[in-house]
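Heads up, the next two complexes both have chain A, just with different partners, chain B and then chain C.
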Partner chain A sequence: MSATPFADTLALLTRQRGVLGSMVVSEADGIIVDSNLQIGVKGNVVAALAASLYRKARLSAQAAGLGTAAFLQLEAQRGRVCAVGRGDLLLVTVAESRANVGLIRVELMRAAEVLG
Partner chain B sequence: MSDEVRRLSDELARDPASLVFLPLGEALRRQGQLDIALKVAVRGLERHPHNADAHDLLARIAVDRGELERAFDEWDMVLRFAPGHAGAKRGMGFVCFRQGRLEDAERYLAEALEADGGDQSTVAALATVRRSLGRPLSEMPAHAPTPVHVPPVVPARQVPRESTADAEQTRDAAPAQPESRAASSTREEPAWLTHTLRTGEASPAAPAPRPPDVGPRDREALSRNPRALFADLIGDADQTALLLDADGFVLAGAYLAHDGRDVAQEVGAELSGVSDEAQRAMRHLDLGDWSQIIVETEVASVILAPAALGGLLLVAADRAMPLGSVRRFLDRALARGRIFVGGDA
Partner chain C sequence: MTIAVVETWIEEPLKRFVGDARVRLALLLHTSGQVVAQSGFTRAIDVMSACALAAAIHASAGELGKQLDGKPFHVLHHAGKSRQIVIAPAQTKRGLYIFLTVFDQESSLGLVQLYFEEFAKRLADAAPAAEPTPVVLAENFERDLNRNLASLFGR
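On to the complex of A and B.
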């Protein structure tokens, strides 16, 4: 099976310290397009919830007159989920709370270019 | 267009973030170009939503437009940012006088006099109001000047919306008249009414306080005006904060749209739905309780965080502001929100 156009980007993201996995997700339905996950990460659940959350944030930001959402981060006690969107696709990472979120954000924004 | 207005307009065009909109708006107001003055003031307020002088300018424009309630609200905002602003107190006294609320007018004017005891027009105004109230002479301001110049008599209810500039011009041309004429009826337009508008910009605003914490008196004051709960934290920065209750209703804070409207309720209602999604996600992902949601958009950075009593705190800042600064602002706003909710409880 040949690698998808996102494979290298996902591998690069998942190599960041504290990152448990990264994936490309369809924003409309939360289905995984491609992923690079550590064992034990519930990819399907993360993808569905991240897509739903991002979609809600995007629509809410637009309705509030804040323009298009570019980056979303959900911070919790034991980890964080980050997402950037381009068109119908999202680049999502799930990370431990010890992860350097600033670095993850920079890498995500850069990597989002591959979404087209 | 006068040379002064042209010069100030050019200056504002060169540096839209400057405070030149203040003298420009004032110059336009004096020329009677109230619609343009209003636009200039509102746009200035978009960039400097917590500038006391900007609210003062908007209040004086509102008076000229006959919008007394709005003027009162704007001056009330001025006092949140600059509690010692004599011009705002005098203006609120003016509005109360025009509305026939003489006792309120007396209170505001007395406070204005306390803030700026040297202002003779306030002394005269207070004397006029107290005389109208039938107060004994012993309660008159000690240093009321006599005689006091007053403008031509204009029934307050018949003052046309755009008449202030005309009144000022007429006043300039009118001969001085004794104070007793102003004292004969509360419907007359005393000198201090136009003086309030004429010299509002000259009233030095007291420096806005930056209290590290909220004392009981401040808390009581903030509970009276929840819109200004975060005002001292925000300062002049392009950022704002909203405290929402568990149902997404605004408890405190303000969010001004480009046209100057407070759209806090709309923004709060839209964005509070995001936290419901987060709650749902947390249940499935086993990441514990969520602590922050950061959304960066084309124009703003928005952070949501859980607040006391199941509420939500939303802070928004210009996209140019570093995210770390926005998070620090969030921490301070959260602390303030806790005090506010605790005070309310």
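On to the complex of A and C.
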């Protein structure tokens, strides 16, 4: 099977310190299009829930008259889920607490360009 | 959210699934097409039609899967303009059931798949020990179907 157009971007994101994995996910379906995950990350589960969360955040931002959602960060007890969207695709990253969220944000925003 | 079940052990898993996955309709039936639980339907005639169609689709897809892939297809998904449907088998000690669910933009295929896996596990755990499976005879089918529909819709 040949690599998808997202393979290099995902590999770059997952190489960041503290990042456990990254995925390109369909926002409407919550299904993984491509992923680069460390062992133990439940990609399908994270993808389905993160896509649902992002969709609701995007709709909330629109409803509040704030325009399009640019970057979503969920901070949890032992790590973070970050997401950016373009069209129907999302770039989702799962990271440990020690990860540099500023750097992840910059990389995600840059990487989102490949989503089209 | 209206949930009606013919057998009480199905209620809790189904209630959890409908609440978590935010689906519009859910239906659990025997492979023969006999309904055992429903959520979201308001008319018995719709349940009857959906059960008959779901059982037929499951049987056809199972046979097609065997011919193409050597084993029945597991989960079927059809996407419409605004609504989508998933049909999947759920194995329990009581035998094989067919699960049909309809969802819209409030949910997604990923969420439905995720919560269906949990539902299938909960259903399998909740199922009481197997009873001798009654043979579904053609002459009894309508009587059993009407009994189940009466149980679900209180008529």
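Here are some notes:
One rule holds in what follows: the second predicted complex is superposed on the first by the 116 of 116 C-alpha atoms of A that agree within 3 Å, B and C clash if a C-alpha of one lies under 4 Å from a C-alpha of the other, contacts with A are read in each partner's own complex, and residues count from 1 in each chain.
Simple rule for what comes next: a residue touches a chain if its C-beta (ideal position, glycine included) is under 8 Å from a C-beta of that chain, and two chains touch if they have at least 3 such contacts.
Note that this is a predicted model, so its numbers are computed, not measured.
Aligning the shared chain A places chain B and chain C next to each other free of steric conflict. Of the two partner chains placed by the overlay, only chain C lies in contact with A:29; chain B stays clear of it. In the superposed model, A:57 lies in contact with chain B only, and not with chain C. Contacts of A:81 after superposition on the shared chain: chain B is touched, whereas chain C is not. Once the two complexes are laid over each other on the shared chain, residue contacts for A:45 go to chain B and to chain C alike.
With both complexes placed on chain A, chain A has more residues touched by B than by the other of chain B and chain C. Of the two partner chains, chain B is the only one touched by A:69; chain C is not. After the superposition on chain A, the angle chain B-chain A-chain C between C-alpha centres rounds to 100°, nearest 10. Put simply, the nearest alpha carbons of chain B and chain C end up 9 Å apart when the two models share chain A. Within chain A, the residues touching chain B in one complex and chain C in the other are 45, 49, 52.
Listing the residues of chain A that touch chain C in their complex gives 25-26, 28-31, 44-45, 47-49, 51-52, 55.
Chain C contributes residues 105, 107-111, 113-114 to its touches with chain A in the complex. By the touch criterion given at the top, residues 42, 45-46, 49-50, 52-53, 56-57, 60-61, 63-81, 94 of chain A touch chain B in their complex. Against chain A, in their complex, chain B makes its touches with residues 257, 263, 266-267, 270-271, 273-274, 277-278, 280-282, 284-300, 302, 316.
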